[in-house]
């Protein structure tokens, strides 16, 4: 990892360097508890003031709203947005991702009819099929499979053992992590009276610019036309995306979420972990699904839904609150009946 | 893609060709909205009549029950079952799956004690272990691992990077999509007081004829005897099948479903996406589980269950309907108590 | 499989050999129903007495508490713990896992700066990056990717197509099953007003001794510092473990569970299948989550939680019981109102 002076960091964060420590150097980033004397750390809330007092960190990035004790001797950087500051510092400390060298490993296969842009790095045992087009500075880690007629934009990076089936198209700067599979046949059969007959899935998958996809993600090819992931969308690990799904730009899809066939997501939609969307539903721009929810109906723009089945989040919270009281309610209703019976007896007796 | 005349299509669908357009050609299939002048499209319900009016498609397959306007000039094929008609046309338009050539890629390894049937296609970097038997016309895409003593029936197709562990058996025409793993040790341990001791999993996995398995599916080997998937069953992506599960013929298992150890499915069972089945339960022939449900008890034949925990579907719907009213019910019960208190006071006052 | 006499088995189980059958041999283990005349079987509960009567097994391990008929002719081993006895026998019958031979397959790549311990088995197409350290007797099956600066302890076994990204560390005797990916970037972005900006994930993953990990499992690298899995923990297939998760020793994580970022598990925690844990929560030592539950708050040591959202298990059961009665409760409350109205009319009429 690189070594930075506190003066370098101050410049990066657009704040003053801690007086008298401008030339102190740090070589990494760690939590307050884990930090050693050459680490930078951060303090984002009052809850960690004790750890701050005890940390061995060389210096600490501190969120402005945190109430520091008056007599702090430790060098600090007071910033408006500690998360952003940390992200910037991490960029400087980030070690380079090890990549195959520019060129083609001798064990790789590139079909004579495929084209490969300048600066591409094609690793060990990579397969590039007929008619594939590989953009400039593309990185294909070992064991990657690029099917026939696939198109990869510039600066695409495919990690080890990623599989792109035939005719899939990726925009520029798409990153796909190890073990993901794009372009498997959509799950479509017709029962013909004796067996499930496969419905051919002749479409493809289009991934737009700046999409990042986690590990062991499955995105199926369309029945016809294309399954589509909009630009800048980020997808976590183990997500399932069915055939003919259309995902807008800048969505966030958290781990193990599942989108059944022909789902449509607008722009900036957020799907929580393990959430599930029924086939053919539409989620409006900026809508959100809480983790573990199951969405069975269309969701309006900016609406937040949660639960199984998913309801507007407020309604879901009200139901949950009522559900916490339900066992008592059952008792209460029994007692009401007893009181009414008593009143009836009293009335009859009168 | 191939080019077909409307006359060809009429013949395929057993309906008359549109008058005066028999020689018009189409080269693909698309939705009404996406179709261009050389595409065929389809209309399955009245909901899409506006798109039908505006489409550029050369011709449209129309479901009989749809009420077309009287003066339709566009060539149409009126059919009893639009989905079936579309499936048939897709079969004709389906481009061939790119496959390794017949024979063995020089980088592949086939153990001398393994046997390989005529017409097999063994791609780049494939591994075929000792004693494996590979049937006729089998297709092994790049990076496939076929363990020792594995048996593959005729016309099996294993997509890139599929792993079959030792002794697994596949019937004829089984398709497994990229990245799936068959034959991992079942998840079995015994706590011995200080650590979880591994229970050996010495059984295997048997996949019968005509099964299709999606991507990143895991099917574990049995503790002893075999985990079994019945003929004609279709399994979607990211499904987990535990040790000693026995799945009947012609089941449908949708994406991200999970079957714990020793589950038994009868014939024609349908499991919705992200559904979960507790270990050792049995589902009768033709039973179904709704998406996102968690089944903790045996399910009778033909029964539909839903919810968490899964209940008979009607009961589940009734509970959900009641749950929607629960917050109001809490208020209502409070008001009942007030009225009773009032009646008591009135009674006491009288 | 090896052949054992009933005398051998008696010795293994520390019980007497069945009189007159000490030299009978068995060659495998099967259920009562499946067993043939050279198989050993087992009987764990009275529920299977009919199958016991009909089995063809050469001998049967019988749980002490089972009430056998008086006149049993079949050789039996009566034991205190049938599961443990079966596990011991399975160890003897377990066929050896086929492994690459000691040494390095000619198609494997091992960086000159990497070190490899004695007895290591490096299979076909394996990649071992710069500076990696491979311990003694490590087994790397075909297609494994070991990134730069990875450390593997002694006797580690990585099954086919496992991917370990750069700088990941594994202790001794770690087993990872086929298709799993360790060390993918954590899922972290910041919205900068126009796009999700990637937050560098510069940490790593540390897996301690004796951990076993199933297939298609994803464990992400930390934002900084390390995602950590404690010694002896066992992880089933298709599990998602986010960045900066810390898992204690001897935990059990069942298939398709998901742990969001910065979750902390104590020692001996059990997570059921498809359970989900919100980011930053802590589960105390010996706590448990039922299958399909979603945990949104910290869980005390030894506490069992279930449901969506997860509650203490007793409370969850009480709510579920009340929920079963909810449709009737709605009717009951309507009738209460009717009775009260009647009482009011009666009171007004008096």
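Observations
Note that the chains take the letters A, B and C in the order they are written out, and that residue 1 is the start of every chain.
We adopt the following convention: contacts are C-beta pairs under 8 Å (C-beta built on N, C-alpha and C of every residue); 3 or more make two chains touch, one makes a residue touch a chain.
Just so you know, these numbers come straight off a predicted model, no measurement behind them.
Chains touching both subunit A and subunit B: C.
Comparing the residue numbers each copy contributes, subunit B and subunit C share less than half of them at their mutual interface. Per the C-alpha superposition, subunit A sits rotated 120 degrees relative to subunit C, a value rounded to a multiple of 5.
The geometric centre of subunit B is 25 Å away from that of subunit C, both derived from CA atoms. Subunit B has residues 107, 125, 143, 161, 179, 216, 238, 256, 274, 308, 323, 326, 329, 333, 336, 340, 343, 347, 350 in contact with two or more other chains.
In the complex of the two chains, the subunit C residues touching subunit A come out as 107, 109, 125, 127, 129-130, 143, 145, 147-148, 161, 163, 165-167, 179-181, 184-185, 187, 189-190, 195-202, 216, 218, 220, 223-225, 238, 240, 242, 256, 258, 260, 274, 276, 278, 294, 308-309, 318-319, 321-323, 325-326, 329, 332-333, 336, 339-340, 343, 346-347, 350. Residues 1, 28-31, 34, 83-84, 86-87, 90-91, 93-95, 97-98, 107, 123-125, 141-143, 159-161, 177-179, 210, 212, 214-216, 232, 234, 236-238, 250, 252, 254-256, 273-274, 291-292, 307-308, 320, 323-324, 326-327, 329-330, 333, 336-337, 340, 343-344, 347, 350 of subunit A are the ones that touch subunit C when the two sit in their complex.
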